[in-house]
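Two complexes follow with chain A in common, the first pairing it with chain B and the second with chain C.
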Partner chain A sequence: MNLGVRRSLDRLFTGLTGASIVLLMLVLIAVLGPMIYRGSGAVLFGGTVEFRKMQRDLFNRADRDALAAEIAETDEVRQVVHEMVDRFKKGIDIAAMSSQAREINREYGRELRYRDATPEEYTESREVARAIRDKLEEAFGSQDIELIRKNIAEVLAHKDEPRFKGTVAERYFTLATDFLDAAEHIDLSRYHDYLVALDEVEVILFGSIEHPGLLGPRPNQPARPLAMTSYGATRWDQAQSLLDRLVWAEKWVEKEPGQPLVKERSPRAELFHGTALEPLFTYVPEQLDEMLRPRFTVYWQFFIDDNFDSHYFGGVGPEIIGTLLITVVGMLFVVPLGVISAAYLVECASDGPVMRILRMSINTLAGVPSIVFGLFGLAFFVLFLFPRLGFEPKPCILAASLTLAVLTLPVMIRASEEAIRTVPRSYKEGSLALGASRFRTFVTVTFPAALPGILTGVILSLSRIAGETAPILFTGAVSMGPVPKSIFDPTRTLSYGSYDMAVGDRLAMMVPHNQYGMVVTLITLILILNAVAIVLRSRVFKKLKGH
Partner chain B sequence: MESRGLTLTLGPSDDRRRPLALTPREDLLGFIGSYLGRAVLFLITGTSVLAVLLILLFVILRSVPFLRDFGVGEFLTSRAWRPTADEPVFGALTLIVGSLYVSIAALLFAVPVGILAAVFLSDIVSWKIRNVAKPVVEILAAIPSVAYGFFAVLVLAPWMQRRFGFSTGTNALNASVILAIMALPTIISVAEDAISALGRELREASYSLGATRLETMTKVVIPAAHSGIIAAVVLGMMRAIGETMVVWMASGNATQIPHPWWDLSQSIRTMTATIAGEMGEAPEGGAHRSALFAVGVVLLLMTFVLNIVSEYFLSRAKKAAGKS
Partner chain C sequence: MQKMLISALLFSLLVGGSVQAQTLQIEGSTTVGPIADAFAEYFKRVYPDLNITVKKTGSGDGAAALADGRCDIATMSRFMKDKEFKDAVGNGVYPVAHVVAMDGVCVVVHPSNPVGALTTAQIRDIYAGKITNWSQVGGPSMPIVVISRDTSSGTYETFDEIVMAKQPMGPGVEYVNANPQAHARVKTTQGAIGYVGIGFLDREVKAIMVDQVAPNRQTIASGVYPVARPLFLFTNGYPKLGSMVHRFCAFYLTEKGQELVEAKGFVPLTAY
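Presenting the complex of A and B:
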């Protein structure tokens, strides 16, 4: 082969090997980057006044006086929105207005009964009131502006009659004027469209039973059962997207027959052109800042707070506690077992069939799939061992920790073995030559020298235990539930929570920052555990060296 | 160096008249003590053996009722997995094929990259760059599987759907790409060990004959290290086949064998995902639960076989490294 070709092939090969490592780095960035970016939004974000209200109500955490002043100021700005919506509604909500007219009629009748009026007067007043009601209803139901004007004029003609003075019937006339005022400004043939569009706007602005809104429920609305719908947009990014939905109406349009539908955006203000609601679509974007008062917030309590409404509000406190509990209890079992096993394998065992069986078992254990450990934990610890020890046979922290301890045993043994094996022979021989027994040599010389390496094994096992999900699915993890009181309770964990929020939860999809926050907390926790152990290891190392 | 902690007592000690030899009683106690100690240590070390035996025993015992009632034949050959139907059918063939399918697909991605990366780390870069590159591999290994699953289902799946126009983003391709990422650290570290264990002489001989690096690697070093590389691939396979969370979240969990067979964009379902997904709903004492344990037995047997294969090749690699 030509030398040039050989050389360029060689270069290509070298390039490819380098590219493979670059690819790995890119993969690492691609995996961690978006998750950390979005997850950081759980802690760092623009918190609105609604967020501060939520913190005050749910977590009892606020500067109450300052917050009350702030709320009063924002309410003032919001009042304009409420007025606009109400004014528009007066001309549109026919069903509501008709029932209002009927209500007035009924109440007027009741009022009349308690007045000393002659029977004739009573009958006449009732009839006039009824006639007014019918006129109004006719006007409400009509789409002809002339007819409406005529009816309303006829209603208003009764305005100054003394029999209505100071009675509930006066409300007829405000109703009539408001309606005429609204009817003059709208396209009467589009009542129905208006109603639907208004409903959409109201849900975006004030929320509904299921959807949180931009400003939260109106002051006169009944309290909502879920915390998530009881507040407006608590985060500025949420507010922005809701504002976007408010200003732009989305429609699925068929551009060409047979083609898939295309999403089209049009300004929502067009729908309400010429009506009392039109200024809303310029007022809200202009005043949103004043209505919500966003402020840069560091919500560090994310790591200690419990959550509300499937993680819509709050943090991952119980998950962190659960993960730490499972990890610590698991380590209590696996560290002594692993270190002692490793010591035996290095110091005592000689080559032979026993040793081979031991080695094979450890390797086999390392290869068993994690989900099979879950099956084993369920069958052995939960269903077999617990009833015989007098515990309740149900998934709990202890079962999960034991299962995970078995899972990480090989990791622990291998790392400790490696560490003990790398201690120089001269150390041991020096000790033995001074007359120390083998046990004493191990405890005072070999073990301290091997400690940094053993700590590495502890780190590896720690991060393994904290991150595993499959083995604890049936042995101790739950997606909902109280903070565990003892190791005989099941617990929420970061790992299972990450799974649950990624696939199992409709509400979680509405709060990607919390979704990603959970998994980033898990990753961060594991990296921190590693870092702490590494620092510890380097300290022990230094001490051993005698510096 | 100052002698901290070291106190030298000069002059005769108090019990200098004591003979150096142990008394018979001390000798006996020491003898018994050391053997007792060894026995206790041995028992503790035996936990691993015990654990393996218990795992085998309990997973197999739990699957016995199902295998007795339904028979192994249907279990291994039927493609229908309908555990909750009125007349339940438990055919695990689709699940077994699904597990093998994603694992092999994952290896197709992971092995070339893994071997190249191993060569890069062992033969090409300086120590400095190696110290930067190695932690990347370690972090990739440390990220918990549920985080990979999270990434697969919330980041990769929507992206694939947008980019390639798949009907669903959770499919065999998604799962195998993530499994490849997860298997890579194992493959790289084992393969790198095998390649760098070979020693300088082999390489120097090849270079001195005028071979380029490519030729040295592909014609001398990699063939010589083949046992270790095969072991690396087998260990990667083991990692992929036993992985649960990623395939559960990213594979789509459709009980089907892809048709045509090379179409990675279809959803599949694996053994591990089936156990994870259905165990919670399977009532205690029922055939369904028992069948899931039977799936666990199949999984266990597969990893045993892979384990034996990997150990065979690892021991050969050790011998090969010892010779050169």
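Presenting the complex of A and C:
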């Protein structure tokens, strides 16, 4: 092979390795980039006035006076929306109007009984009232505008009669004028369509018991059972998508028979053409800014807050504490055990068949699936060991940490073993020649020299312990619970929390930013822990070099 | 100094454990989990001293945990099996069931699919692999992508029992491991069919009528919709009256409890 070919082969090799590194970086960016982008949405976003209300109520965190002023201002703009909806509803909600008319009639009867009226007057008044009620009900149920006009006119003819002055019956006449006003403006044959369409609009605007709405529940509505539906859109991006749903009606229509349906978007305003509700669809987009007051928000408290409604609101504070606790307690077991085992394997063990089997077992242990460790941890630590030591046989941080320690022990042992093995023989021989015992030699000479390598093992097992889900599934993780007070309490963790959000509830679909936020927090936490260990390692390394 | 700090920390961790607060441990189904979460959050507010934890590892684990005494209440999306009962009784645990809510298993398709109704027999044939194209059931000519929950889930068992009548599923069936995944798979695939709990219905998937019955609160609560099931809380014996376990298990009987069930996307048992 001549020199030229060799050189070009060399270059090719260099190029290929370089390219693979670049490829790896690109993959990493492609995977992590979107995740970090979405996760950052949990902390940085446009927070609306609803967000600030939620923070005030749930976390007791607000500039109360400024917020109260802001709420008063936004409520004023929202009032127009409420009025439009109410006005439209008056002509549509026949059942409500009928029962209102009946209620008025009953109350009027009750009022009459306490007045000084002769029996004849009483009977006559009651009969007139009942007649008015019947006329109204007939009008409400009719689709013929002529009949409605006639009935309403007959009702209004009684308006100035002295017997109704100052009584509850005056409400008859407002009811009648309101209804006529609405009836003149809508297509009466479409009552049912309007009712369905109105219901949809109301859910988008004010939410329902299951779904949060754009503006939150109306002031006079009964309180909702969950915090998540008690506020409007807390984030500007949520508000935008709800607004889109409000303005555009979506429908799947058949274009050609035998073909899949096609999605069609049409302005929702068309459904309400000519009615009192039509201006709503221009008013809300124009005034949304004023109704919600979005403001760029840095919600750093995401890292300390507890959550509400399965992570719909709030942050991951207890999860971070739990992850740190499990990691620290796990490391307390795995580091000493790993180093001591490694020391035995290198310094003391002879090279017999027993040792070979032992080594093989350690290597095999490294390849066992983590869920097996989880079940082992449950069966051994929780159900077998704990009762015998006098603890309650319940999953807890201690059990989870022990299980994770067993899981990462092989990694720790292998890394420490390599590190101890690479300490030059001359170091040890020098120490032994000076008369130090083998134990003393290990503690004062071999161990410090091997420390950087051991710290590499620590880094590897640290990441594993903080990120594993399966082993703690049965041994100490819960999806909901208080912040742990001792290592005998179970805890929430970031890893199990991410899993729980992905499989459990429909909520994760509604708040993807919180789901990604939790995952990114876990990644960041591991990176920080690693960075600390790496800094520590480089300092030890420098010290060893004698700088 | 550092050593002192560390030992102080360890000491406080260990001593903290000996202080016994009142605890309530709930474990089991991922389907019933959200209800347990909502109840627990309410209880946490009402009884601040109560130490309440919820864990979602599956109905099977719930049953095992109750038998082992690892939890006070097991949440299950199916009834206990023979073996689980025997194991529990063998450990001196006598499981008592409390039906906390109803759940409908809704058959869903992509919203672009014109097929709006299927019979149980047709669905069975689709899952058994006998019907492979939508044109065979009156739809456009597209291959059917069949999505099922994994065989260990309670939802699968309900579907298997009621729709499949224990007939095996075909080889082309794709298994996903949770409701959100089934929902996501159907919403993004034009020819897909899948099944999810009623809480997962939204405008991105279309629920079809089964045997001419549309799934909604009324049809599920009354049992008219065929693929419905009760959701359970299991306790060791009937809980001692007035105890926290009793309050928790009876909470669904209150208006507040029923409201929470509904808010979480399930079907309350009563028309409260």
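To be clear about the criterion, the second predicted complex is superposed on the first by the 514 of 547 C-alpha atoms of A that agree within 3 Å, B and C clash if a C-alpha of one lies under 4 Å from a C-alpha of the other, contacts with A are read in each partner's own complex, and residues count from 1 in each chain.
As a convention for this text, a residue touches a chain if its C-beta (ideal position, glycine included) is under 8 Å from a C-beta of that chain, and two chains touch if they have at least 3 such contacts.
Just so we're clear, the structure is a prediction, and the values are computed from it rather than from any experiment.
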Touched partner set for A:Ile523, first chain B, second chain C, both or neither: first
Chain B versus chain C as contact partner of A:Thr123, first or second or both or neither: neither
Chain B versus chain C, judged by how many residues of chain A each one touches: B
First (chain B), second (chain C), both or neither touched by A:Ser99: neither
Chain B versus chain C as contact partner of A:Asp309, first or second or both or neither: second
Partner chain(s) touched by A:Ile209 [first = chain B, second = chain C, both, neither]: second
First (chain B), second (chain C), both or neither touched by A:Glu254: second
Contacts of A:Ser241 with chain B and chain C, given as first, second, both or neither: neither
Which of chain B and chain C A:Leu345 touches, first, second, both or neither: first
Chain B versus chain C as contact partner of A:Met480, first or second or both or neither: second
Chain A residues contacted in one complex by chain B, in the other by chain C: 383, 473-474, 502-503
Touch list for chain C against partner chain A, complex: 13-19, 25, 30, 33-34, 36-38, 40-41, 44, 51-57, 61, 68-70, 110-114, 135, 140-142, 177-181, 183-184, 190, 199-200, 203, 206, 256, 259-260, 262-265
Footprint of chain B on chain A - complex, ascending: 6-7, 9-10, 12-14, 16-21, 23-25, 27-28, 31-32, 34-35, 337, 340-341, 343-345, 348-349, 357-358, 360-365, 367-376, 378-380, 383-384, 406, 409-410, 413, 437-439, 463, 466-470, 473-474, 495-496, 498-499, 502-503, 512, 515-516, 519, 522-523, 526-527, 530, 546
Interfacial residue positions of chain A with respect to chain C in the complex: 209-210, 224-226, 229, 250, 252, 254, 258-263, 308-310, 382-383, 393-395, 473-474, 477-482, 485-490, 500, 502-509
Chain A-touching residues of chain B, taken from the complex the two chains share: 1, 4, 30, 34, 37-38, 41-42, 44-49, 51-52, 54-55, 58-59, 61-62, 112-114, 116-117, 119-121, 124, 133, 136-137, 139-140, 142-151, 153-155, 181, 184, 212-215, 217, 238, 241-245, 249, 272, 275-276, 279-280, 284, 292-293, 296, 299-300, 303-304, 306-307, 310-311
